[in-house]
Each structure stands twice: as structure tokens, then as C-alpha cells.
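Order of writing sets the labels: A, B and C. Residues in every chain begin at 1.
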Amino acid sequence: MDTTRRGFLGAIGQVTIGAAASVAGAGQSASAEGTDVPHWGMVVDLRKCIGCQACTVACIMENAVPEDAFRTHVSVYELVKEGQDPAMVMLPRLCNHCDDPPCLPVCPVEATFKAENGEVLVDASKCVGCAYCVQACPYDARFINHETQVADKCTFCFHRTQAGLLPACVETCVGGARNFGDLNDPESEVSKMLRDNEVSVLRPEMHTNPNVYYIGLDDVLDGRVAGEAAYHPEMADAVQHHGEGL
Amino acid sequence: METQVHELVGAVHDAAWQPWAVQYFFLVAISVTSLLMALPAFVFGKSADLRAARLALMVAVTTGITAPIALLADLHQPFRFWEFFVYTHKSSWMAWGAWIVPSYVALMLLFAWAIHRPEFDRMGQDDWRFAWLFRLFSLGGASNGFARPLGMLAGLAALGILVYTGSEVMVVRARPLWNTPFLPLQFAATGVVGALGVMLILERMLCRDGALEATLNRRLALALALVAALGGAWFAVAISGVSPVHSEALASVAGFPVWQQIALWGAASVAIPFVLALTLPRNTGLITGLIAIHAAWMFRWTVFMGGQAVPKVGSGLYDALMPTGVAGLMGVIGTFGLWVFLMIVYTTFVPWSGDAADATPSARTSDQAPRKSASPQEI
Amino acid sequence: MTNRRNILKGVAAAGALGTFGAGYAETVQKLARGKWSGEKPRDEHVVGNSIPPEFSVDPETGDVTLNPDQAMSYTMCIGCTTMCGVRVRVDKAKNKVLRVAGNPYSPMSTDPFIPYESSVAESFAAMAQAGPGQGLTRRSTACGRGNAVLEQVDNPRRVLKPLKRVGPRGSGQWQTISFEQLVEEVTEGGDLFGEGPVAGLREIRDLDAPALEGAPEFGSRANHLVWMNCVDDGRDNFVLRWLKQSYGSNNFTRHGAYCGGAYRSGSGAMFGDFKAMPHAKPDFTNVEFVIFAGTAPGNAGNPFKRIGNLVAKARADGDLSYVVVDPILNNAQNGPSGARARWLAIKPGTDGAMAMAMIRWMFENDRYDAKYLAQPSKAAAEAAGEMSWSNATHLVIVEPDHPRFGHCLRGSDMGLSIEGEAYSETDPFMISSDTGPVTGPVPAGASAAPLFFDGVAETQNGPVAVKTALTLLREEAMSQDMEAYAKDCGIPVEKLTDLAREFTSHGRKAAVSSHGGMMNGSGFYNAYALMMLNTLIGNLNWKGGTMIAGGGFPENKGPAYDLASFPGAVQAKGLPFGRNVPYEKTSEFKAKKAAGAAYPADAPWYPNAPGLATEWMSSLVTGYPYKAEALIFRNTNPIYGVPGVAHLVDEMKDPAVVPLIISIDPFINESTAISDYIVPDSVMYETWGFTKPWGGVATKATCARWPVIEPKMDPNAEGERVGMETFLIAVAKRMGLPGFGDAAIPDAEGTLHPLNRAEDWYLRGAVNVAMIGAPVSDASDEDIALSNVARIADDLKATLKPEEWRKAATIFAKGGRYENIERSYQGDKATYAFNPPMLVWNEGLGSFRRATTGTRLPGTPAWRAPEFADGSKVSDHYPREDWPIQVISFKSPLQNSYSVGAKSLLRIVASNPVNIGRDLAAAHGIQTGDMIRLTTPGGTLESVAVVRAGVAPDTVAIEHGFGHRGFGAEDITIDGATMPGDPRLAAGVLLNDLGMLDPTRAKAGVWVDPVSGTAVRHGLPARIERI
């Protein structure tokens, strides 16, 4: 399946070392520059994230994300670097709409596909719910929607961008951390942000070529985070069981 | 510079492959390895092994039917299974599996049928209540010269299953515990362990032939040794650091007490039956068999549920390792229910032991089963 | 036998098959459902159940095409006290709110907000990707809570019909009653609960009988109706009209005393107004350095979202660096911003020590703005190009026995001839002459004055010791050395000096900001000291400095209608229930004085404080100064929010103590749970109201709230939805109170208009908002259609004059009235400057006597360890050896005190384990996940521990917003049907359960700050143990 590629790689000269690996090889189609076909991408400026979870909830509301699942959420960390004061990091996570999405080739029935504007999407009417893609995504960005029984994930708010609107999480981002736009357009805000800042991506070693970039991402957080996990209470009496067990 | 990280807010992800998937991988591995163990006798005429082969075939058939049903149950849209055959995505091992599984099941069943056809035919000739059924089974003939090519094809399909199931899981780079070339081998080796375990149990229940038990136990010891060797190699490679994938896999779970316990438990479930099978090959079949089954099952449970309990980006572990919920448990038990049912049917209607070839059917009254009361299939 | 064997086999087979069936029933079901084993989503291909877009914007033309099934309306969020302007998206057919985003006209939700002239269509396009800056520039937001609270509208536990308690108060048993029965019972009283007679509102409103026999200063018996209110959600003017001008009770209070009252009072001390308590906020966009001490921008704070947004932008794109001084590290700090955002741990309740240390260093190193401080008058300040001024140079009488001790020396003291009365505004303040004592003090004039003077003034009554205010401040600062301050606050001397140096290195582009963190035992003085740092660098009213908010466009008194007065209005009189007036005004004082010992009073009085809800709890249960007969809780929850109030709840539940409790609220919260009646009320998007920003907005802004969905409360017999306004109008009419009915609201010509429905009030309020200054333009048909003001257009036309209704429609179509952002500054100065002087010495504070001790307190910022009412130190009662740790509270970034019912929030963070620092945890062998017990003199709680690095030593911090018993956390029985408590709603713990009573008070009352009378929720002495 053809993956549409961003074509302005000159602009990402400042990608940090780790991320360089992931964007290497994505440079072929410079021809896309100047085309009318946008290539959506997100630039998350971690310096602006206040961990308010507006994005998380807006996404839930906009996309009717069922209980126990998130299309996006914001992890909150306390980091203690040797010899420094502890510091807070809020890390918004969502599907990276990878240009080389590992979730795609594994789909047995071609339900997962890469759309013209770069979105990685699932055709729900085709998905057999095998969850292979859920396993294959290196970012825990997918889940089985227990209401529809098919694979679900962030769509970059396909329905909204089609209508000329911003994704819900971007529209409501209180800190202004989430920025969305056309990576093919060198004049777009996101392209400018990529040019003007050092950016990195999550799990560059997976060579997925994400379309979600981060400003100010600490290496220790860019993959699986080795550290103490968040406390989750047991709500014995209120455990939610899904239709299909577990 | 060392950085300590403490996640204060984080999401938890459910396991997307559920106990049914474990059951599938468990049963299908047992089926294909049993079938492969049955082939030398049936296809290549190693007649000394016939008794073991008959047990193996029984195991292959019963688990081979159960497995795909478990697989279907793990699909969230089971009705859409037909899509596998309409949209085959060539880059997906699962898509290939969709073709391999039915091929295997069909060939394996045909093969088993072919093996038993002369017997069916004979039983159809007798004058008893269910004779008509066996006439149907035999399709009105006794020849089974095609059993051999069928067996070879089924064997190929079985290898296909081993390759695809192993690869399907192995290629998932996102899960370091899965993404190792050892995995297909481990699936196969533990499959053999599981198959021998089931055969041992059946031997104890149906044959009670000390010699056969000893043979199976010895083979089990061999298989366990292989499993241990693979496990050891995995660990060595992971520790040595020659393969970053393996080191990452180890790192992803090392340090969690629950995984240390699993490792110990796993080692024990290999070591104990190994020692027993080697030192006391007779009269331990029930125990070694049970532990072997347990080991094969646990390996898969750990790989699948444990693997899914390792967050890909977050911290700590999700508690997918021990999923609660009645439905999940029922899935596991239900699969075994189907298998037990198939075993009863098989032992009742299929002259599996081959004894029939020598035994003369006695007078049958209309309310009697086809075999004499002492027949081993009347479990 | 074979037969039996076969049967056995059959049974086994059947059993096995049955097990299989059970395990696979679901698969079978799924198979049976066919193509969609789950629910078929709305869009079966790509976007699943995502809701259809509200409108589409053509990327080329910017044209907006509406989705006819959805309405988009600008109204207000009340997900917290910030009350942001938001855009609500409604499914018209289902009358259901689908999602909420911000209102781009509103500074609370957007920066920079769009010009008010923009049409509604333009406002839609502004937030769209097709808009300028790809929609990012004008994106308009709701916070996480704001996005979730729409779930409160459909909360299954909402009260929709009037409820009356069955059985004892607080038993959780209710019956529904008709609105008419409700109105009759609360008005007429009687044996309402089979527990004996209860006085109704009619009987209590006796304007002739005294509230307290022999003490006329307390006004009439009508004051026995006391009204507790949350924040002003934009409906308080309606309440105040009913309560004060119609009913005649003077007893109204809001939640300030357990919100951030200590800070507000401390700030009020400097701004010279203890009642309105002005406070300034940093100009977040242009300031270079801020010390946030006791407020957590982006974690909470008011306006939460706006501050979060501005601070985030300023630290990333602008010039801002800041330090959050806080016992706990929370979302206010931001690691990726590096040194731009730092955290500095402080011991709870010791900001006064930190601030006084900084002040000391500034005096010692001449790092205060001497030029600014030297201006003794507005005229002098103006001449010197200053934007504000202070009383730093004014002379204060420091002669201990002088009758005017603590007051500023005035012209009349010197025998100067003055215009007007002595000590009135026209009586000049005295300053030291340039040459000091030799020539004596002179009246403050239009030029700079000496900053320091310590000597004697020859008054007309002889020599009197005087000092300048700044001298007094310096003395206070010097009273302790840096090491001692450092020890008290836990911040090393180098860090204190670094902080002071950095603070004084940015000219006026530096600021100190505070709020909730002052709610401790020394909060008032801590706040005063922190705020004084701003005055010492003279940053007020400067761009990049600190600013008072621009305010709003008032709805109640405007060019079109006078909603604030009406014929027949009564004048509510009497000293307030919360004792926030001088004790010396009471008959008790006079009687005691006559008896020889004026002090102590029976209970504390707080002349330097505004209304004190916290103290009301004490007044209610002790009947001091008098007994209340009826209490109304409106949208408030002191039983959850006041630390230590649990000790008073049993009395509150006793009908003999307060015979009638009525709640007006959409929910059964912890407080409404102990009431006798609940009047159902509207939730956010169903209500009317007008609010102005709490602070932090430089321009005028009024947010308008209107019912953008059909309210869910049941209608009354007349078909009006039951709610607060319906209730108050009905009671007023039944009692024949003035100000309601057909002739109630005078317009500019004096013609009276009716007040029979909420609309009669709020629509006219909207006209006032629209007409102030240059009136807003008329709403176009398109504006009305796009914003769905069409929903209320009939009411607008029926209620208002023809030339008015489109103006009011504009207010609703745009969600309020907002001055354009260009009005923020005039050059480098704030447009809306605060003019009265900054008080380096506050006379009222420096001259009063504490009712409980008869002693005085400093009139200038000071560092004072926490005290109880009798003046004894808290540490003397609860020594460190026995109570080695301190517990504090901090706001949840996600929850507020009543958002727990918005279930989407709980799926992100489900509980609030308590935060414990590493060393403390290690000392007690505590690890994350362990259960611990916290014990204070006020109570205990058990919880799960989370061990973190970001907690000050010997401190335990508890996130606020959990540990509920109301809202459905416990069983609710209505008409015999029980809705079982949901453990998820009860998750976590509430710090207030650890709150304490003041052991030195004869009449029970919770521990409060001695000056501001505000609740103490930080720095509770405690013990911790692992369990």
C-alpha cells in the first residue's frame, strides 16, 4: 500500500539525533512540495502543555471513545535528574499517523489504510477485529472499541479536517501545545515550528516515521518509560467488564 | 546522568488478544506437532511406533478441530471471517494463516479419515445398529492408498502452521518479548511437549501400557531438553547483549518480581517433568503429562498475556497478565470443554486404537455399543 | 455396565459441550449478530461514532455552512469558578450537549481574542483550520473539566423535582413534592416534619422584632434567615435583591473564607480595602519574572485556563521565567521549559518568612524602588511619571498608649486647619520633612518625601513618637536575621537572596502572585508580605508588571433599566452573622467594658475581613452572636469545603440548632444532604447569568450565560421550569414582598416593568450590558441563526422594547460583551489603573484590638507563626515532637470540588493517593501503594501513599476534589427507591476530614487565620504511620 510522504524534508534539518533515524529515508518525494494535497501532521510543544487533559476529554466527547480506552491522553511524569530539582513533564500521546506504520502491513484484510492526507485509518466495516494491528503498533495507540468491536484509534479527526475544522484536541488545547497542519505546506504553522525548533519523535528506533513531532521531549521519555507506574486504584465494586470477557 | 521517572498519570491498556488466542496457539501447536509425530508410523511405515501414532493422531484431530474455533472466538467480528479469504493482505502473516489453517485442518482430517477408512468400512459391513453410519463414514470403500500423500500434504500444512504462527507473533516488533527468532522454535518445541503431555495422559487413561508410557516419557524428556536449551539460549543471548532485540525483551520484564516468579515457575515446570520422565519413565505419565501440558500452556499464556502486560510506551506493567473476569475464564474452560467432547466422540465412534483390526466383533444387540465393554475407547 | 457407561459418557459429552457452549456463547451471539457483532457506528467506514462536524468552513472562501442538526451557542462554563466563555454544541433533536469548546470573543478562552465586531460567522471561521494561522492563532478552548462537565447536565443523580427530607436530617431519605407544596411549606412553616413547629419564612421576616434582644446593632429578626452562596455565578444580584431589598435580611455570604480569603484579605490590606479586597495579577504576557507563591498557574488558579495558557506561551515563546514556591511540585512547573519554570519547595505556611527575608535583603541592598515609594500622593506620583503610589512615606503614630496608636499622623493631629472633618479624606497625611525631626512633619504634597523617619512629632497634644510606614516595614523585616528566616521557611539563605536578586533585576517587569496557598494559620500576613514585594518594586499598573482586572459591564445598573432598586425596597441592616466587624460596635463590648473587662469577647471578631462563611458555621451551631432560624445553601458546599467542619455537622443536623435548611442546587452534595428541602436548579448551560473575570484580564469583559438547551428541571403548575429564580419569585409573591410581580423593574424613564420570570430580569440585564457606553450593534439575522439565539428570540421580542431586543441578542449571540484587546494598555501602562495608594502600613490593621485578646497586631507585613484565637501559638498546643509533619491541600488539575459526577474525568485520574516526600517515606518505611494513616488533632484518614521527590520535607500533600460522600457516593433514597452509592464517586480522601477546631475557642469554631478569619487547610499538624 502506498504511503503518502511528506515532501519538505529540508525543513526538518533540526531533528535531534534519535529522531533523525526515523525520518531518514522519508525524503524521496520532495515533489510533493507545492502540491495541493496536504499531509497532516502535529507538532506538540511540551513546553506549553499544562497537563489539563482538555485534549483527552475533547477527544472522548468528539469521538465517543468508550470507557477504558483513549485515542489520546496525556501522561504526566515527575522526573528527577541527578543533581537537579524534580521536574514535571506532561506528554500528550496519540497515534503518530506513521508514514511507515507497523499497524498497516499486519492487517490481514486491508482494513487499515493510509489515506491521501497521511492519516492512518481503519475501515470499520471491513475490520475483522483480530487486534493484530493493536499488537503491532509500537505506541499503544490502538485499541479494540468495545462498542463497535473493531479496531479504533485517533483519526486526526478526519471528519473535522474534511470540514475545514481543527481536530478536537487541537482546538481545545489550553496551553497551545498541540499544533496541527499541513506538513507539505512550508508556510504552515507546523512547518515553521519544525523549522524553528529541535524536534523529536517517540520511539525513533522503530523507524515508523511519525507525523507527530515533539518539542522538548526528553530521551528518557521517548520510548517505554522505565520508572514507577501511575497508581491506579482498584474499584472492586465498579469494575467494568466488556462484552467479550476480560 | 541518571534520571528517575515516576509516572503520575498514565493510561492502562487492555489486552487485545484474549485467553481464546492463548487456547488457539496452544491447541494448534499440539495438533500440528502431534500430527507430525504420527506421520513416521502412518506415512513412512515405522510400524513399531503405531500405537503412539494412533494416540498422536487422536490428539491431532481433536485439538485440530478445537483450535480454529478458539481462533474464531478471539475475533471481535467473527462473522466477518470470510473476509480473510476475500481480501488477503499479502504482507500479513495472519492473512496467510487464514489460508493455512483451513488447509491444515482439512488435510489433517482427510488424512485421519483415510487412515481409518478400512476400519470404517469393516464396521459398516457388520450387522449392528450404527452400521449405516460407518457405511457413510467409509464412503462405501476401504481403500486408502491416498493416505500417504494426504499425510505428506497434511504434514506440510502442519509445518506451515508452525511457520505462520511463529512468524505472526515473531514479527511484532512492538512487543520485544515476541520479536525474537527463538519464538517459532519455542512454540514448536513447547508444542511437542504439550502434545506428548496429552498423549501421556491419554495413554494412562486409555491404554495403560507401560512400554508406551516409557517411550512417550523418554520423548518428553527429549522435548523438554530442547525447550530448556532454547530457553537457555534465549537468556544467554539476551544477557550477552549480542542481540539488542533480546536484551530489550529481557529488559522489558526483568526487575518485575512477577516475572522473576514466572521464570522460576517456568524453569520448574520444565525441570520437574524432565527429571521424572528420565528417572521414572513408568507410572509417572499422569504427572509428567499434566506438567508438560501445563508448561506448554503456560508458555503461551505468559507470552501472550504477559507480553501484552508490558506497556509499549508507558511505565510499569498492565495487569493483563492475570486478567480477571468470568468470561475470560469461561473461554479457557469452554475450549477444553469442546476438546473433551471431541475426545468422547472420537473414542466412541472412531476405531482409533487399531485393535479392531484384530478383534472380532462379537454379537451386537441393538442397544449395545459397537465395541465390547472392555474396549479401550469406552472411557 | 455398558449401558450405564454409555449414559455416563453421554452425560460427560453433554457436560463438555455445555461448557463449550458457555465459553463460546458470546462468539455465537456475535456470529448471530452478523456483520456488526458490536453496535454499528454512525459512520461505518472511517470515523465511527465521531459526532458529525458542527459546520464546515470552505478553505478558499472561509464560508461557513452549518450542520442543521446541531446548534452552536456561546454561553458560559461553570466547571469551576473561572466561568469561562464557551461554545456549546447541541444536538437539537435530542436537546443534548455534544461537546464544548471555547468562545473566541472571550479572553477567558482565547488569546488573542477576536474583535467584538466580528460576526458570529467570522467567529466560527476564526477557530477553523481554514481560518488565520490555520485556526491555531484564535483557537478557543475549554479545559479538561470544561470539556467533561457537560456530563453533569445528564447526571443521573440530578435533582429535577423539589425534594423534602423524610426521617432525620442527613439520613439520605427524600420524597418528591410539588413546587407549590414546597413554596407553601417553606413560607408558612408549621409542623413540617412531625418534629414540632418550624417557623416559615413569612414568620421570620419580622422587620420590627430584634435579631437579638437588647442588641439593636444586629438588626431585625429577618436577619435570622441566612444565605450561604458559592461564588457569584452571575445570579447573585437577583439573590441580593430578594434577600436584602425584599426580604430584609442582611446575612449573605459567599465562599471566600474557605476559598482564598486569606490571600484576598492580605492583598486587601495593601490595596486598602478589606471588603472588596482588590488583588492584582501579573501581566503574564509581558512580565519577565514571576514568583508564584501559593498559587499554581496551569494547575489551578483563577482564571485557570487563561493563566495556564498565557504562562505556557510566555515561558515557551515569550520572556517569562518563573519560580513556583510550593510545598508540592505540580503542573504549574514544566520540565521541558528548563530554567524558565522552576520549583522551590517551602515549608507550609511560611511564605511570610520567605517574603520578609527577601524584603530584608532588599532593604539591606537598596534593591527597592525608592523613587516610586517616595511619592506620598497621587499628584506626586503623576508628576514623577509613576502609575501608582504608596503610603510608604506617611508617618504612623507608634506611641503605645496614644489613643491613635497605629493610625497615620494627619494634619488635624498637628493642629493644621483642614477642610472637612478630622481624619476624613481631606485631612492630609503627614510626612517627614526633608530635614527630619528638626522641622517636623509636613503634609504630604506633590513631591517626593523621605522614606525613613523614626522620631517624634510635636502634635497639638504634645510630642508623639512617629515613624514612616516604610521604617516600620523595615523594622519588621529586620526583626529576624536571614538564617532565622531561612530556617523557618526551609529555603536556604542563598536561595532566598538569589530569589530576591532575580526579583529585583527586571525593573517593573517582575511580580509576585499568590492565592490558595495562603489558607494557613499565618495566611493573612504571609499574603500581605508577598504582595508588598510588588509594591517595593512599584510594578502596579505597568505593562509587564501587575494589574487589576478591567472589570465588566454591570447588568444590574445600566442606562436602560435599574435592576438594583425598586419602589418599596427595604434596607437590610445589622451587624453581620460572620462577625467581620469591630467587636467594639457590639452591646456585648459595651456591657463588658462597663463591667470592667471589655476583652475577651465570647468569640473572635474580624474587622479586617469580608463576609466569613467559615465563621458562619460557628455562628450557626453556637447561636453566637444570635441564632439563625433558616439557612439557605445556594450552589455551595461548605460541609465538603471547610476544613474541620465535620466537627460541627452533628449540630447542623439538629433541627433545634437551625430549624429550617433549604438548599437550592442541582445535586445532593455533602451540604444539601443535610437540608430539609432541595429546590432543583439549573446546570450551567441551562441558566442565565452575567459574570466578569475574577482577575487577570486587562480589558472589560462580561460573560453572558443563557439557557442554550431546554432546562431539565420539572415545570411547576404554571409551566415554568423550577429553579432558583422561579422559587424566589414564587415565595416573594406569596409573601407579598416588594420588588417582584407586575411592577418591579424601573426603566430609564421610571416606567415599571414586570418581574414574574427569570427572563424578565436577565433579558433586561442584557440590555444594560449592551447599552453601557457606546451601545453594541444589533444582532443580524445571521448572528441570531448561527448562535441559535433564535431559541430565545420570542422571549427577547416579548420582553424587551423593539429597539432593544437585537442589542440584547448580540450579547447572547456573542456570549457576552468584550472590549477589544487593544484596550489593554495605553502605551506601556494599564488602561484600567488602580488609583488608591498601596498601604505599606494599614491603619485599620495596625490599630485594632483582637476581640479575643485585646491585643494589637502589626499594621505592616510581618512573619508570624500560626496562632489560635487566644493568641497562643499553635505549636505550643501541638508541638513538633508529637506532630512532626504537616498536611497541605492542593487543587486537582482535573477535578474541582463538584466535578466528580463528570465521569470522563474519573477515567483519567480515578483517585487521589496522598503525596509523601521520599525522605519522610523512607523514615516511615512507606512505599508507593502502601496504606498509611494520617492523624491530626482534628481527625484521621487512611489512604494509599504515593512517594514522590516533589514534596517538601516533612510534608504530606493531598489533591482536592475527591473523598466525596455526596453526589451519589452514598446511597440516595427518593420516594422509597434507592440509588446505590457508586464507589467510584467516593474514591480517595478529603483533606478537610483532618481539619481542626480551634481548641482555645469557648464557642466551637474551626481553626482560622487570626486576622482574616479564613479556614486553614494547609499546614495541619499531623502524624503519619504505615498501616
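Note that in this section a residue touches a chain if its C-beta (ideal position, glycine included) is under 8 Å from a C-beta of that chain, and two chains touch if they have at least 3 such contacts.
In this text the structure is predicted, and so the values were computed from the model without any measurement.
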- Classify the inter-chain contact topology: is it line, ring, star, complete, or other? complete
- Item | Pair of chains joined by more contacts [C-beta pairs], B-C or A-C | A-C
- Go ahead and note the Å separation of the Cα centroids belonging to subunit A and subunit B. 38
- subunit A-subunit C separation of Cα centroids, rounded to whole Å: 37
- Item | Between subunit B and subunit C, centroid-to-centroid distance (C-alpha), Å | 65
- Query: Counting only residues that touch at least 2 other chains, which ones in subunit B make the list?
  - Reply: 4, 6, 8-9, 76-77, 80, 327, 330-331
- Hunt down the residues of subunit A that sit against at least two other chains at once, touch-wise. 51, 53, 68, 73, 76, 78-80, 129, 149-150, 218, 228, 232, 244-245
- Note on the structure: Among all residues of subunit C, those touching at least two other chains are 26, 30, 35-38, 908, 946, 948-949
- Which of the residues in subunit A end up touching subunit C in this complex? 45-54, 56-58, 60-64, 67-68, 73, 76, 78-80, 85-90, 115, 121-125, 129, 145-150, 152, 155, 157-166, 168, 170-177, 179-182, 188-190, 215-218, 228, 231-233, 235-238, 243-245
- Message: Please output the residues of subunit B touching subunit C within their complex, sorted ascending.
- Response: 4, 6, 8-9, 69, 72-73, 76-80, 327, 330-341, 344-345, 348, 367-369, 373, 378-379
- Message: Quick check on the complex: what are the subunit C residues that touch subunit B?
- Response: 1-3, 5-6, 9, 12-13, 15-24, 26-27, 30-31, 33-38, 908-909, 946, 948-949
- Task: Would you pull the subunit C residues touching subunit A in the complex into a rising list?
- Result: 26, 30, 35-41, 43-59, 98-102, 127-130, 133-136, 139-148, 150, 298-299, 305, 308-309, 311-313, 315-316, 329-331, 333-337, 340, 342-343, 893-894, 904-905, 907-908, 910-911, 913, 928-929, 944, 946, 948-950, 982-984, 987-988
- Item | Of all residues in subunit B, those that touch subunit A in their complex | 1-19, 74-77, 80-81, 83-84, 86-89, 91-95, 97-98, 168, 171-175, 178, 252, 308, 310-317, 323-328, 330-331
